[in-house]
Structures are given as C-alpha cells and as structure tokens.
Amino acid sequence: MEIIALITGFALILIGLYGILSKKNIIKIIVGFSLFDTGLHVLIVTVGYIKGGTAPILDSVVGTTNVASKIVDPVPQALVLTAIVIGLGVTALMLAYALKMYQAKKSLDISDFKDMKW
Amino acid sequence: MNLIIIIVLSVVMVVMAITAIIHKKLAVAVIATGVVSLMASVMYLLMAAPDVAMTEAAIGSGLSTIIFFYVLNKIRKAK
Amino acid sequence: MEVLKIIGALITLLGSVFLLLGSIGLIRMPDVFTRIQTGTKASTLGALLSLLGIGIIYLDIAGKVFLLIVFILITNPVSSHMLARAAHYIGVKKADVTVVDELEDFENEKQKNETQISE
Amino acid sequence: MIKNFFIIAILAGLAAIFVTLFWDFGDSETLTPLATHYATNGATEVGAPNLVTSIVVTYRGFDTLGEVTILFLVASIVSFFLKREKVQKEIAPKRETSEIILTAAKLLVPIVMLLGVYVFINGHLTPGGGFQGGAIIATAFVLLLMANPDFEINHKIIATVESVSGIAFVLIGVLGILLAGGFLDNKVLPLGTFGKIFSAGAIPLIYSFVGLKVGSELSNILSNLQGVQKEEM
Amino acid sequence: MVNIILQIAGGIMLLAVILSLYRFFKAGSLVDRVIAFDVMTIISISLIALITHFSGRTIYIDVAIIYGLLSFLGVIIIARYLEKSL
C-alpha cells in the first residue's frame, strides 16, 4: 500500500517537473508547480506511515496508554500541514506575476520575455 | 479494500496529472489539477492523516482552483 | 443491535448503487442538460443514502452525519443550477429530442416586452 | 531537440535516484525516537489529544511563526503588485445574479463562518486547526463575492484583524518565555482536563489567532485578485 | 456481514469513479468535464464515509463535512467563469 502511494507521489513529481521544463505557457508552468507540490506532499506523508497505524489523535479508540505502538508518525504530517498553506501562497504570488507580465506584453508565451536576456 | 481504493486513486491521479500537462485548454488543465488534489485528499485519509486531508480539501481543491479561475478570467478579459 | 447495523449497511449499498446509476447516466445521456440532471439528482440521493447508512451503523456520529446531509441538500442543487444556467447562457447544443426550453421562452418574452416598452 | 534531450536526461536521473532509494525503503514498523517521545509524553506535557496540533503549535511553534510570516509577505506583495488604479471606464454589463445563489449565500455564509470558527476552536480535539479554519473563512468571503460581484471587503477591518491577531500571537509566545518554559509554551494557562474544550493551556487561544490571521490574509489575497478585475485595462 | 456489504458498496463506488473519469475524457464541452468533476466530488464524500468505517475512526467524518460544504464553491466559480460574469 505504501509502495503504490510512493510511486504515485514520485510520478506526480516527474510529471510536474516535465511540465515546468518543457511547457512555454506560463499558466501551464504554474500548473506544473502545483502538481509537483501535491506529489511532494504525498511522498512525505507516505514516508511517515507506519504499517497498521492509525491517526495520531488520542480518543477512546487509541486510549492514552501505550500510544507509541498504535499511531503513525505525526511529525511529517505537521510539516506537510504548513507546506500546503505555503504552497497556496506561492501559487498566488506566481499567478499575480503572470497577470502582471500578461498586462505588460499581452502574451503568455515565456519566450516573448527577452528583456532580461543579454 | 484499502489496497483497491488506493490503486484506483493512484490511477486517476496519474491520468489526471498527464491530462493537466498535455491538454491545450487552460481551463481543463486547472480542473484536472483540482481533481488531482481531490483524490490526493482521500489518499491522505487512507494514510491516516486527517489533518492533512482537511487542509488539502479546503486549500488544494477549493481556494487554489478559485485563484486560478480569477486569473484566467482576468486574462481572458484583457484579450 | 446487529440487525440495525446490517440495515445500515444495506442502505449504504443502495446509496452506492444510486451513485453508480448516476455515473452510468452521465455516459448514456444525449446532451449536457440531461447529464447535469442525472449527475446531480442521482448522485445526491446516492450520497445521502450512503451517509445515512453510516450514521445508522455508528449512532454516536449521527448528529454530524445529519448536519452533513443537510449541507449536501442545500449546496448540491445550487451548484447544479449555476452550471445549467451557465451552459444555457453560452449556448451549449441541446439534444434533438428536446421538447421544451422554458428559460429561453422566458427570456424571449422578456425581450419582447422590453422592445414594446421602448417603442 | 537538444532541449528535449536535456529534459529527458534530468527526469531519467531523478528516476534513477528514486529507484535506488526505493530499494532501501522498508515498511517502517516502529516510530522514530523523536516521534516516540512526542507520542508518549505529548498527552502529559501539552494536554492536547491531537498530536499534530501539539507539534504544530508548541513543539515546532517557530514553524508556524515563519509560515504566518511568509503568508503575510505574500499578501503584501500581491496587494502591492496588483495595486488598483482609479481608472473608471465603463464596465461591460454583467449578467445579473440568479435568485437561488443569492438566497443560498444568505443562508450559507453564516454557517460557513461558524464552521470555520468551530474548526479552529476544536483544533486540539478533532482534526483541523488554524490553517483549515482560516481557509474556510476565506471561502465564505468568496461565496459573498459570488453572490454579489460588486461586494467589497472592507480593507480596514481586515488589516485591523490581521495586525491584532498577529500581535496577540507573538505576545502569547513572549508570555510563554516569562511565565513558562520558553517561546510559545502553552502552559501560560492551566492545562485543565484532558479532552475538554477548555484544556491544553493556551493552544485554543493560539490557534484561534492563527486562524484569524490566516483567514484575513487569504481574504486579502482573494480580494486583491478580484478587485483588479474591476478596472478595465 | 456488515463488513462484506460495505466492501461491495465501496467497489461499486470505485466503479462509479472510473465511469465519471471516462466521461471526463470523452467530453464534448467544458461543461461536461465540470459535471464529471462534480460527480467525482460527491462520490468522494461517500468514499470518505466508507473509509471512516474501514479504519474504525469515527473522527474522520469531520473531513467529509468540510468537503460537503466547500466543494460546491469550485463548481460555482467555474459556472460564473463560463457565463463571463465573474
């Protein structure tokens, strides 16, 4: 089960990277970033999974004694929690840049922006 | 059962990701990204991470799609 | 108690069958509007029944499940209504067997009235 | 052509790295020592049933601080970038909103707001917390915008809520240094009964402020992206 | 007994996901794809309810509540985008 999730996460990373590197449209590049993000999050959460473990919330099912043998690793989940929110912020920032670039040149093709080239 | 669910989710996610990259229409690409986030959220639940699943449901497939469509609308208007 | 659980499971099974019927309708229906109606009505009923079954099996979360059912009952028709309106507005092709289109009749009527007033 | 070759080479290299890592990957059966410490002592040290919350807020509170800072920077940069110029040309006539969505928005906006508040106040008991609650509150604003395209979020209120909650968040952290073990320690308030709403020290308070801050920042970003739509280019 | 019935229900739901995926690809217009997206969301809510049973943690139903309340916003915003009145 973990292996399939790992492969999925890595496949998403590769697809996103391919999109970032090969596409010319700025919005498509941002979509690629978004996919890369999702794949990375799946990967990190899967690494923290323990076989047969349950969610790290101590209620009547888990109890308060001998917790460590029942739950999955909570640290990667906490990291991914912040990473998702930051991912949204980065996406919003990139989209704002894309909008401004489109207003400047009326084009979404990245090879039209040659002002910084020397 | 969990194994079957996760296999189907993986297939849907990978197919949708490929669609998001190769499809020509931008709106379809954004919707496909939303579907990837949707399925990823169910997958987090299977990985025993309800907090992450909730965040992904609220942010990944909700707000992210909304922001993308605001910008797409703006770009279409400026044409 | 066991009987109640089995009843709940059977209700969930019925709900999943409705979800499947909704998806089959999504493929079989001839045009966009019929697909919207099958994809929303059948799926909403299916989701409601499945959630109801889970609520019967676990009685301690029945309150939350009831809340969720109410939310789905409010939100799903709204989204399908918006979608159908948008599809009508951008002029999606209707099936050949379409008999009545009340929104178009209404808008034609409105336009006619407005031209009469301006004249 | 040569570019495609490079791309494929990079992807193949990454795939090779993954395969080598993959051979070493065994299914983990036990927790790492750090996680074991959190799992065994978290309930007594922090008093929150949700271990993820106790890690995010207390053990790794600096992460949350940095995350909130990044979101604040993003919101500022976006609002600086998409600054509205006062060009009032005639706007293309929009289609009027249908009555169904108006009624649904009236009904749903309070419910969604209430759900957001529920999610971040109950962050230490059930799944959820400040980030999710903030995102839900921002979504309520989107619903308002959908129902009424000319609706404008009052920027003064948003700025006030954001600054007040940010200052309160840092202030509670500093109080932790003075009264308890360190920055963002939750033992400023008594721990209370395990599993009740008013327990786990300052965690509900901290998470509420984080939720308000995230919610106002996301609403700010959204209203900037929406507000730029009104000016004709 | 309960477990077996719910497993069959889960299988049927997964079949429904696959069928709506098929509609996503054989779509005539953007509206078709949005309908498929909507149906997938609804099926996901039911699937989360089933996972609640399979994993034995009733606390997961909170995630389904968030889903049920927020998922329709994506569809509404796409509809507003389509009718050019966003």
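A, B, C, D and E label the chains in the order they appear, each numbered from 1.
The criterion applied here is as follows: a residue touches a chain if its C-beta (ideal position, glycine included) is under 8 Å from a C-beta of that chain, and two chains touch if they have at least 3 such contacts.
All values derive from a computational prediction rather than experimental measurement.
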{"item": "Set of chains adjacent to subunit A and to subunit C", "value": "D, E"}
{"item": "Chain at maximum distance from subunit A, centres defined as averaged CA atoms", "value": "C"}
{"item": "Core chain by centroid distance, with centroids computed from Cα atoms only", "value": "B"}
{"item": "Relative to subunit D, chain with the most remote C-alpha centre", "value": "C"}
{"item": "By count of C-beta pairs in contact, the leading pair of chains", "value": "C-E"}
{"item": "Rounded Å distance, subunit D centre to subunit E centre (Cα mean)", "value": "24"}
{"item": "Separation of mean Cα positions, subunit D and subunit B [Å, integer]", "value": "19"}
{"item": "CA centroid of subunit B to CA centroid of subunit E, Å", "value": "12"}
{"item": "Length of the line joining the C-alpha centres of subunit A and subunit D, rounded to whole Å", "value": "15"}
{"item": "Per-residue overlap in subunit D, given as positions that touch at least 2 other chains", "value": "50, 52, 95, 101, 108, 111, 119, 126-129, 131-132, 135-136, 139, 142, 218, 221, 225, 228-229, 233"}
{"item": "Where subunit B touches two or more other chains, by residue", "value": "2, 46, 48, 50-51, 53-55, 58-59, 62-63, 66-67, 70-74, 78"}
{"item": "For subunit C, residues that touch 2 or more chains besides their own", "value": "71, 75, 78, 82, 85, 89"}
{"item": "Pairwise chain contacts under the document criterion", "value": "A-B, A-D, A-E, B-D, B-E, C-D, C-E, D-E"}
{"item": "Of all residues in subunit D, those that touch subunit E in their complex", "value": "94-95, 101, 108, 111-112, 115, 119, 126-128, 132, 136, 139, 142-143, 146, 149, 229"}
{"item": "List of subunit A residues in touch with subunit D within their complex", "value": "2, 6, 10, 13-14, 17-18, 21-22, 49-51, 55-59, 64, 67-69, 71, 73-75, 77-79, 81-82, 84-86, 88-90, 92-93, 95-97, 99-100, 103"}
{"item": "Touching residues (chain side subunit C, partner subunit E) in the complex", "value": "2, 5-6, 8-10, 12-13, 15-17, 19-20, 22-24, 26-27, 32, 35-36, 39-40, 43-44, 46-47, 50-51, 54, 57-58, 60-61, 64-65, 67-68, 71-72, 75-76, 78-80, 82-83, 85-87, 89-90, 92-93"}
{"item": "Footprint of subunit C on subunit D - complex, ascending", "value": "95, 98, 100-101, 104, 107-108, 111"}
{"item": "Residue ranges of subunit B touching subunit A (in the complex, touch as defined)", "value": "2-3, 6-7, 9-10, 13-14, 17-18, 20-21, 26, 29-30, 33, 36-37, 40, 43-44, 46-52, 55-56, 59-60, 63-64, 67-68, 71-72, 74-75, 78"}
